[in-house]
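There's a structure below that I have some questions on.
Just so it is clear, A, B and C label the chains in written order, and each chain counts residues from 1 on its own.
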Amino acid sequence: MSYYFTILSPTDTPIFNIAFGTSKGGGDGIARFRFPDTAQYMNQFIIHSSLDIVEEAQWTNGGMYLKHVDTYPPAAAYISAFLTPSGARFLLLHQPPQLPSGNASLGSSSLLGASGSTTRTSSSSVAANPTSPQTEEAVRQFMNEIYESYVKSAMSPFYKQGMEIRSPVFRSKVTAAGKKWL
Amino acid sequence: MAAPRHSAMLSISNASTPQSTSSDKTQVQQPQSPAGTSGLRVPSNRKTIYDRHLNRSRNAELSRASFAYLFGEMVSYAQRRVTGIQDLEKRLNEQGYPLGLRLLDLLFYRATSTSSSALSSSSTSSSPPNRPLRILTLLHLIHGPLWRLLFQRSADALEHSVSPDTPNEYMITDNEPLVNTYISVPREMSMLNCAAFVAGIIEGVCDGCGFEAKVSAHNQPTEMWPSRTVFLVRFGDSVMEREKVLERAGVK
Amino acid sequence: MCVSTKLHPRSALAVFSLIIINKAGGLIYQREFQAGLRKLSTNDYLVLAGTFHGVHAITRSITPKLPLQNTASPVASSPGTSAPTTSGFSYPNPGVPVSGLEYLETDKFRLTCFQTLTGTKFLLFTDPMTGSVETIVNKIYELYADYVMKNPFYQLEMPVRCEAFDRHLGAWLRGRT
């Protein structure tokens, strides 16, 4: 499973983003997207295109964690959203690993990805099924942990709403949370 | 006063990380950011803000006197070069606004983590509080939890405007605003209410939740409560429209 | 809170009036708490405050000194003493700064003067029979520290016009009688 996580300020400015892979079931925590050449901007594109749906869901669902909100089938990308009360949006794009049968299209990175994915698909919870309750729960825990770090950032007197979060400590906190839950 | 301080900071950041100064424009007032790539400065006890627990100061008490002096200085600061009472109230309001945005996140974080620690793995039972979607939920949030977070008690009243012309106006009453405890406003400024600062906090909370609003503080003394203050919350048209849609949709 | 108390004509706890003088000798606050006191004009109050300030300064400088024993002479002039001690004399209590006039008693009233560290003087006129004047003065000082000094609209050394101070002072004194 590969992840792309981004935080958008209430005014739709990206204030933090990170790509990482699963660490469960022997994963090494490195992101391997299906289309590595275009992933960098396609991920952003996919995530931002889900904003409309998030905004719709925002006013019907009062929870902070909105669960899985959007899917982008061409890239097999699933998007989960978390809304802070002050309007920041945490969006997580997750892409399950490609099944060994379908990875012929990939070039250089496919060997690495395939060797990892066989072990990962066999592992029970998070990796295989992006919409399973276990995955939702894991993402929820992940989001809650990020939320804590985000509140700490926001409480800093040097931080103004909408400012990019540059702290390396924050980044390492996100990485740690990813390792722990995803 | 501000100029030499800024230039001093610039020179520091120039000295430590010369490569980063050209790239960012807004970083002058953010001393920790130039260290973003290398040389992060960590406090001597190795505890950054991310290592401190947010609930640690939950029940901590703050000296009322030190707050009074601090707030007094804030008022004096806002009073410099103002053109009138409205201007002064606007400045106090602006000082409170970012605080409201922050408190909102903190409030929800604490509400989430009280029943079960956010870090414990088996916390499926507690459901975090919902974000307010309707005006009334929002106002109850301000009247209750927010007031308790700030002043350790609820506000004293919450009313809806009785006039049919102004259905977007709500009133929150505080009989004895903490910020005004030691303040006597001179007679020539009798319209002024320094709780405009608190009004700014409320405005920040409303805006943060997506309810565009203007909030102002008004003196309404009674014999019993000489510093009684009414916070008038006026929601914008977009909010009222959405409210109608949500009501039809049956959203609570 | 708002009970209108009937004033006792000559209560044993009576506080007649309060005057606050700033460190330069200017009158910054004056209030009467008893009906039937003879009225002075504002100018008279100003003169009274200025005169008292001078008298107070004089009483401070005429504080008698005691001759020192020869044995103690090198250590006696402790740095805490504000007055320039001539070598052979010292104040009875060298550690404490010279205070000047503290009480003035007549058969009709008693004047208590309390000076803060910053030189502001509180003059309290009470009935000579009133006990625990110190408590009253301390409370007044506390109210002053709260409602005058914490008020952002109060300018130092200027006349005190703080509605909350008046209100709390009045309420507290009423509650005592």
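The rule is short, and it goes like this: a contact is a pair of C-beta atoms (placed from the backbone, for glycine too) under 8 Å apart; a residue touches a chain by one contact, two chains touch by 3 or more.
Predicted model, so just to flag it, every value in this text is computed and none were measured.
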Contact graph of the chains (line, ring, star, complete, other): line
The pair out of A-B and B-C sharing more C-beta contacts is A-B
Of all chains, the one whose CA centroid lies most distant from that of chain A is C
Taking each chain's centre as the mean of its CA atoms, chain A sits from chain C at a distance in Å of 70
Here the gap between chain A and chain B, centre to centre from mean Cα coordinates and rounded to Å, is 30
Per the C-alpha centroid definition, the whole-Å distance linking chain B and chain C comes out as 42
As the complex stands, chain C meets chain B at residues 1-2, 146-147, 150-154, 161-165, 167
Contacts from chain A onto chain B in the complex sit at residues 10, 58-60, 62-65, 83-87, 137, 141, 144-145, 147-156, 158, 160-161, 163, 166-170, 173
The answer for chain B against chain A in the complex is residues 26, 29-33, 36-37, 40, 48-50, 52, 54, 98, 101-102, 104-109, 112-113, 118-119, 121, 123-124, 127-128, 130-133, 137, 208-210, 242, 246, 249, 251-252
Within their complex, chain B touches chain C through residues 65, 68-69, 71-73, 75-76, 79, 182-187, 189, 194, 223-224, 226-227
